[in-house]
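Common to both upcoming complexes is subunit A, partnered first by subunit B, then by subunit C.
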Partner chain A sequence: MFLQTLITGLSIGGIYALMAVGYSLVFSVLNFSNFAHGAVIMLGAYVGLALATKLSLGFGLVLAGSVAGAGIIAVLNERLAYSVLRRRKAPSLYLMISAMGCSVFLENLVYATIGSRFYAFPEFFGRQVLTLWGSSVSLLDMGAFLFALVSIFALHVFISSTRTGIAIRAGVSDMTMCSLMGVDLNRLIAIVFLLAGGFAGVAGVFLGIKYLVYPTMGWVTNKAYIAAVIGGLGSLPGALAGGLILGVVETFVSSYVSSVLRDVFSFSLLIAFLVLRPNGLMGQDTEEKV
Partner chain B sequence: MDYILSVATLAGINMIAVLGLSVFTGFTGLFSLGHAAFIAVGAYTSAVLTYYYYVPFALALVAGSAMAGAVSLVIGIPTLRAKLRSDYFAIAILGFGEALRVLLENLTITNGARGLPGIDSFTTPFTVLFCLAVSVVLVSNFLRSRWGAACIAIREDPIAAEMAGVRLFRTRLLSLMVSAVFCGLSGGLMAHYLSFIQPVMFTLTQSTQLLAAVIAGGMGSISGPLIASFAFIALPEALRVAQMWRLVAYGLLLVLIMVYRPQGLMGYREITSLFGKRRDDGRRER
Partner chain C sequence: MRRTGIVLGVLFLLVFAGAGYAADPIRIGHTVSLTGGASMWGQSEANALDMLVKKINAEGGLLGRPIEFVRYDNRNDAVETVNVAKRLVSDGVIAVIGPAQSGNAIASAPVFERGKVPMVVTTATNPYVTIDQRSGKVRPFAFRPCFIDPFQGTVAARFAMTDLGAKRGAILYDVGSDYGQWLSKYFEDAFVAKGGSIVAKEAFRSEELDYRAQLGKMKELNPDVIFIPTSQKEAAMAAKQARDLGIKATLLGTDNWGSPDIIDLGGSAINGGYFVNLTDLADPDIQDFVAEYKAAYGSDPVLPNPVMAQDALLMIVEAVKKAGTTDGDKVAEALANLKDIKVTSGTLTINPEDHNPLDKPAVIQQVDVEGKTFRFVKKYVSVE
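Presenting the complex of A and B:
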């Protein structure tokens, strides 16, 4: 029971971490909360669903298609809704409102065109179950957790050792200076959104398989914000750690205390973290500067 | 006629909540994604009072507003004291709103997720008009007071305001409380107009609608958000658009406003300034 809860928690935490990584990445570069991230995750899930049901592709291709689709949507989203504000050096509040608008717009557009029906992915993994030390664990849960670990590690390697990665880190610490050193900011930010969107696509597919696909599924991203805050906004290892911690803690609360109080607990955790440790476990100092 | 009157009444109820949020977002410069929670508190408090305890309607309205003000302290004191960044604060209050809704769904006195049916419909169009007028007077007086001036100073530049002697924590908390009180009043009126309330009526969507009205109307104007919120309720009704397309339009509008006209419909001005005499009021200069 204990081990099973732990692994379920880790798998949910892995999905939270996938969502939190994209959110955190955008936050670290543009310094605003991208509330449209949840909508991109939802669209990624719909792209994956269309590929899986209409074209009946296999899991690998569905995942790749959804990553590409969500990545492109995220880049378009930035071009249409944020780039003007960014160039005008508008306050981050404006970017945040614009992001909120995008989220409301996309969510309801799907609602109005595709409808509010719940769709299920075809069963890629069936109901296969592994038996580990006497407790049964679903293959999907293990897969989601391992995939999250591997992909976030790959992103970490990309950001810490490639040329583009170095440019992204330079942009994080000083955008103006970075552009003076000859980095094309528009291209850099497009890459950041492409990466964030790609992770959103992965998260969307896993969420869709684990639960269902519907217009408001992006609301789970609230949990990603919490995970990102726990780990420290703008920190990738922090997003991973925050996601896993939140997933495990939530699962334990819902199986040992009360499943109803799970969300109340998560949001209280968020407020406690914001108040007591606003930089999270691994974040840098993010006080608004004079 | 009855139909038009009922749309106008609902718009009026919504305008009171928008007025409240405009004190907090428009004049103090803090972004809230959770004000629907205060509407819910007002609605449930006043409805429970008249439903179970037969408290007079006026008293129940006052109690609902007061309760919303008190609840705002629960979230306001820790988060505002910690001087969170504006977007952290927005996320914190969003979380608070969601948590509160989950609580409402699981309490017995609120009848859980099924909602409270059969609340007496005490609210008349006249009550709403009266409350709206009183609210406008109270809010504009508040904004003209020392406290209001402090709020506006904080919106313009928190650090400069603090250096000039404005106490950030107290002023922001007061502004949150004032805005929550009006949202609570709006909730009380709503509960006794629709005669049915349910936790699912107070989600992030409603908070977003309030915020859209404040931003579209102009952050720093009283009349702008009121006009915008009236238009948001009345136009879709007049055009007979389905709820979901209305929300599609809200979202698009938010983005377009931020991109093309971040000052909103009225900017910092009031509707009165469009007609003749400009009042010699330092705070309108900009």
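Presenting the complex of A and C:
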């Protein structure tokens, strides 16, 4: 039971981490919580679903299409809803409110155009189950977990060692100085949103396969937000650690205490972190968090 | 010549308008989910009612007057449903069909009672739709043509024990839903009463997606059958997650599973699962209805709502005929005393004590994913 709970917790945590990365990326550069991220994940899932059901594409192409689609949507979202505010040097609270607006808008757009029906992805891998020391894990969960780890690691490498990555890191510490040194800020921010959107696409496809696709599926990102806060908003290793910790802790609470108390516990954890350790486990010092 | 034509036309119009006046329509309310998660059944319900009313009106209507529906979308939302109920009362309808969901029906019942408008729900199976939970007395204006949850829960338990040979049962339910909470209790009571044991009873919160923690706990306890009294969406996700955890237990559900999209949503994981339903497409009693519906709308009806809605309308029609008036009190009294009337699903007698039908059968269906259908397994008339 212990091992099974741990495995289940890690696999849930892997998806939380994938979603938390999107929050952290945007937060690190623009210093606001992009609550439209959940809606982008949802749209990414719909893009993947359309490719899988209408065009009958295989898993690889579906994933690639969804990454590209959600990336473009995230960039457009920034161009239309945030860039004006950003240029006006609006406080980050305004950006956050704009993000909440976008999230409601996008959800309702899907309600109005596609409808409230639930959809499922076709079964790409069948239902194969591995047994490890008496505990079961599905191949899909295993694959999703490894993919999450690898892609977050790749992002980390990209940010710490490529030219663009260095520019992003420079932007994180000082936007104005960065632009004085000749970095094109608009381009930089577009890249950040493209990356965050790409991760949203991956998360959308995995969520869609694991659960279902429907307009409010993005709500699950409130868990990813908690994960990002635990790890420290703005920190990539923090997002990964936060996601895994939250997934495991939640699963243990459900299994050993009570499944109904799980969310009470998660949100208490969020409040505790915001009060006692607002920078999370690995975050850097900043003034605003929410 | 042209003048005569005009005069004739005017005369014709007058006669027509006069005829309309003579037979003022009888207005029956219909509160239904035309949008939202339950819209699939709601749309089909509306279709079936329109089809039937056309037929009744063509045969001379009710008390010599045509029937007209006043239909509002309640979006399967408790607040909206109460608004719809208030609107229907102020519109002066003589009776109401719907709502289909127990929670919404329980919320609407007091409104219709105050307005003295008889309410005949379609598929709301909770006992407290027709009985006031606080006073324990029957609600004078609430009726239904469908079976109730204690019966449904008992049928599920009986089927699990006798047909599936289950001794160890587990339950996964939504703690935020009246429907799921009560059915879990009825299933548990019936299962334990016949010597079975419930090894795990695990809840989740509405809107939650991952049940693996709960299912993982069940897996350790090795149940023969897992009872999942939820809608098709949660059942599909629970089935996938259970199979991913390597759980081999038979899955057993309730009438909320009975939506065709459970096959797409659950895929191979839900294949072979059984559930209790109100009607079955293969039920010999409803073959004429199914054929007629298919001819009119080009697809199978989404059961069981269309059948239950037609039953509800026929109950109202029969009661008004018997009462000879559309007065709310008299129609309610006639509804309470309906006996052996012919309805779409067969015959129907209302028990005046609790306003539920007597001996309403339940069917067991099995999800067949390859055949993309629900296979008829068995019909229960009673569980005595």
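Following the convention adopted for this analysis, the second predicted complex is superposed on the first by the 287 of 290 C-alpha atoms of A that agree within 3 Å, B and C clash if a C-alpha of one lies under 4 Å from a C-alpha of the other, contacts with A are read in each partner's own complex, and residues count from 1 in each chain.
Here is the rule we use: a contact is a pair of C-beta atoms (placed from the backbone, for glycine too) under 8 Å apart; a residue touches a chain by one contact, two chains touch by 3 or more.
Treat the numbers as computed from the prediction; the structure is a model and nothing was measured.
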| item | value |
| --- | --- |
| Touched partner set for A:93, first subunit B, second subunit C, both or neither | first |
| Subunit B versus subunit C as contact partner of A:268, first or second or both or neither | first |
| A:102 touches, of subunit B and subunit C: first, second, both or neither? | first |
| Greater residue coverage of subunit A in the superposed arrangement, subunit B or subunit C | B |
| Partner chain(s) touched by A:33 [first = subunit B, second = subunit C, both, neither] | first |
| Contacts of A:78 with subunit B and subunit C, given as first, second, both or neither | neither |
| Contacts of A:131 with subunit B and subunit C, given as first, second, both or neither | second |
| Subunit B versus subunit C as contact partner of A:278, first or second or both or neither | first |
| Touched partner set for A:260, first subunit B, second subunit C, both or neither | both |
| Subunit B and subunit C contact sites that coincide on subunit A, given as residue numbers | 219, 260, 263 |
| Of all residues in subunit B, those that touch subunit A in their complex | 29, 31, 33, 75, 78-79, 81-82, 84-88, 90-92, 94-96, 98-99, 102-103, 105-106, 159, 204-205, 208, 211-212, 215, 242, 244-245, 247-248, 250-255, 258-259, 262 |
| Complex contacts: residues of subunit A adjacent to subunit B | 32-33, 80-81, 84-85, 90, 92-98, 100-109, 111-112, 219, 222, 225-226, 229, 260-261, 263-264, 266-268, 270-271, 274-275, 278, 286-288, 290 |
| Interfacial residue positions of subunit A with respect to subunit C in the complex | 1, 4-5, 8-9, 11-12, 116-120, 122-123, 126-127, 129, 131, 136-138, 140-141, 210-212, 216, 219-220, 250-251, 254-255, 259-260, 262-263 |
| Residues of subunit C touching subunit A in the complex | 35-37, 39, 175, 202-205, 207-210, 212-214, 216-217, 219-220, 233, 236-237, 240, 243-246, 261, 264-269 |
